[in-house]
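Quick notes on the structure that follows.
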Amino acid sequence: MTAVTAGTAGSAGTAGGAGTIGAADAAAVEAAAHEAVFDAAVAADERIEPRDWMPEAYRASLVRQIAQHAHSEIIGMQPEANWITRAPSLRRKAILMAKVQDEAGHGLYLYSAAETLGTSRDELLDKLHSGRQKYSSIFNYPTLTWADVGAIGWLVDGAAITNQVPLCRCSYGPYARAMVRVCKEESFHQRQGYEALLALSNGTEAQHAMAQDAVNRWWWPSLMMFGPPDDESTHTAQAMAWKIKRHSNDELRQRFVDIAAPQADALGLTLPDPDLRWNEERGHYDFGPIDWTEFWDVLKGNGPCNDQRLSKRRQAHEDGAWVREAAAAHAEKHTGGNNGKAQA
Amino acid sequence: MSTPDTSGSATAAVPVGAALALADDALVLSHRLGEWAGSAPVLEEEVALANIALDLLGQARVLLSLVGDEDELAYLREERSFRNVQLVEQPNGDFAHTIARQLYFSTYQHLLYARLASGDGPFAGLAAKAVKEVAYHRDHAEHWTLRLGDGTPESHERMSRACEALWRYTGELFQPVEGLDVDHAALESAWLESVADVLGRATLAVPSGPRTGAWSAGAGRQGLHTEPFGRMLAEMQHLHRSHPGASW
Amino acid sequence: MTSDGWPLWEVFVRSRRGLSHTHAGSLHAPDAEMALRNARDLYTRRSEGVSIWVVPSAAITASSPDEKDPFFDPAADKPYRHPTFYEIPEGVKHL
């Protein structure tokens, strides 16, 4: 892709240096000039576009974040797809299928955004499959009952939306644009989850119990989705300086708790935190301590579903290899090079 | 449940057996396609398969609502009461099997709905909308058949095997259904011609085996299904049946 | 930029008649026909479009950011290209 090769062209000035001290100095001066332009654009809230010069660390940080986000979308299909074949009404089945489909679509938008930074989807998938890149730990928890589908929609998507809305103003143009599309489409995800839980909560005793059990299991992991506390978060400060991120982990977590607590009341369900209460003075809800040991443990691979999620993903990729090869071979035979491949 | 806008004149005029046959075909195939979620060969195809599954589920819901409560019909009927053809209940297999099933079924469904849409029977309104969706399903299946048949030696081999394996379920598609006012013989010859054309362009042979099973008791339209179907229904209906009378 | 030999395509969608095609995003596909279908499934599943173009990403020639000044700055000093440059007496219509 032109935009991608050109995206790395910003460093061409240094790469071409023939080794004389004068050339190196000139390159350093040029790099400093580029950096000044970049910093000014970020400071002025302008968007950085793929072909603009950008610091390598900015590029790497974006690739890491967008990739993790894309991986989360496609791994996140699994816990919900687990219930497509068992959805208890045809209406719910249609909603769930459409939602899981959206997640595939969101993965696609995000991989596309990452590709503008010079990293191919194959490369990113390789890193996911080999465990070198992460996805959100929340998807390492199992969906044990139908109510989990509702709890994921309400809490997990709710937390995700809280995280994502500010990303629509992220300094990197393609990521911000992908997020605008994602957020627009996700508005139905959270509502359907809430509605599904409400139906259960207002339903039979067994249904109500199912809903409460799901909320009990998903509440704390949802709070962990915002990442470690600010004083332990390694990436936050730089990401905020670059305006990739607009709010700290703790700010977003608080915002989410403030929104979710009254929503739980309206559902007629309780949140599993004895310390949760409105603090008039702060104007926020106080909440109890998060078990960060569990968070780090799941992140390291010891969650209930880490192996299962990753092996299913790898299996799908491997099983599909012959299909992708067949289509590529067919294109080679029938379009004689006019199939969109880069011309030398 | 929603009342479909098709020929609102009289629900009583809808032939129940025919409505169930069309509805169950769509419902069961949609379910099978839904099983692909998270396992498609490439992300773009996740989206495509889900689109098809959602179209079919939408058709099934309209049809079931014509003759009763959609959820009661989907979740509380026993296996012997389902009227879908055996073709659509066949397990997904590899992607080649899924595409062969799509090719056979969507070609049939497109030809059928085009005929129903041009008539003035009870399904004309539904068919007029569905025929556009189904045309796309047929196009999708054709394009993949061409790519798998004429791709690599492995894909050719897999696609051949899939086309042959499912061939024996294609005869049932043209068994007359009471209340479905179409010329099934004409439908069958149009189907054979179209499928042979696609297979030919895909460098695949038209399978030579029998197109119906040897069991005189009948097949799906008579409520006689293949073994995997019972397991499919068990999975589909389990939760709904575990909570009698509950709303979701 | 391939995914197992599937090149990248840029997708342009006309959201309704009377508007021009706008860049919607990109995707991978083995060939143009499949790219068009994938684009339909991905970028118009909520009825966002009435017409789609797909273009191999590799076929796009783009202006370089380094050429930004020579390409775009000269236009900035040609205000006479814009209608607001001209003073028209009040009350003159249809201009």
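A, B and C are the chain letters, set down in written order, and residue numbers restart from 1 in every chain.
To be clear about the criterion, a contact is a pair of C-beta atoms (placed from the backbone, for glycine too) under 8 Å apart; a residue touches a chain by one contact, two chains touch by 3 or more.
Note that the structure is predicted; figures quoted are calculated from it, not measured.
J.: Using CA atom means as chain centres, which chain is nearest the centre of all the protein shown?
T.: A
J.: Consider the two chain pairs A-C and A-B; indicate the one with the greater count of contacting C-beta pairs.
T.: Ranking A-B and A-C by C-beta contacts puts A-B first.
J.: Between chain B and chain C, tell me the centre distance in angstrom, where each centre is the average of that chain's C-alpha atoms.
T.: 39
J.: Centroid from C-alpha atoms only, then distance chain A to chain B, rounded to Å. What do you get?
T.: Taking the average C-alpha coordinate of chain A and of chain B, the gap between them is 36 Å.
J.: Which integer distance in Å separates the CA centroid of chain A from that of chain C?
T.: Chain centres of chain A and chain C, defined by C-alpha means, are spaced 27 Å apart.
J.: Multi-chain contacts only, two chains or more: what residues does chain A have there?
T.: 101, 105, 108, 321, 324-325, 327-330, 334
J.: Residues of chain B that contact two or more other chains, please.
T.: 42, 44, 47, 51, 147
J.: Name the residues of chain C that each touch 2 or more other chains.
T.: 3-4, 6, 27-30, 34, 42, 45
J.: What does chain A use to touch chain B in their complex?
T.: So the residues of chain A in touch with chain B come to 74, 77-78, 81, 84-94, 97-98, 100-101, 104-105, 107-108, 111, 146, 196, 199-200, 203-204, 206-207, 312, 315-316, 319-330, 333-334.
J.: Can you list the residues on chain B that touch chain A in the complex?
T.: 27, 31, 34-35, 37-47, 50-51, 53-54, 57-58, 60-61, 64, 70-71, 74-75, 94-95, 146-148, 150-152, 154-155, 158, 235-236, 238-240, 243, 245-248
J.: Could you pull out which chain C residues touch chain B in their complex?
T.: Answer in residue numbers: 3-4, 6, 27-30, 33-34, 37-38, 41-42, 45.
J.: Mind pulling up the chain C residues that touch chain A in the complex?
T.: 1-9, 25-32, 34-35, 42, 45-46, 56-62, 64-66
J.: Over in the complex, which chain A residues touch chain C? Could you list them?
T.: By the definition above, chain A touches chain C via 1-4, 6, 9-10, 49, 51-53, 101, 105, 108-109, 112, 115, 120-122, 178, 181, 185, 321, 324-325, 327-332, 334-335, 338-343.
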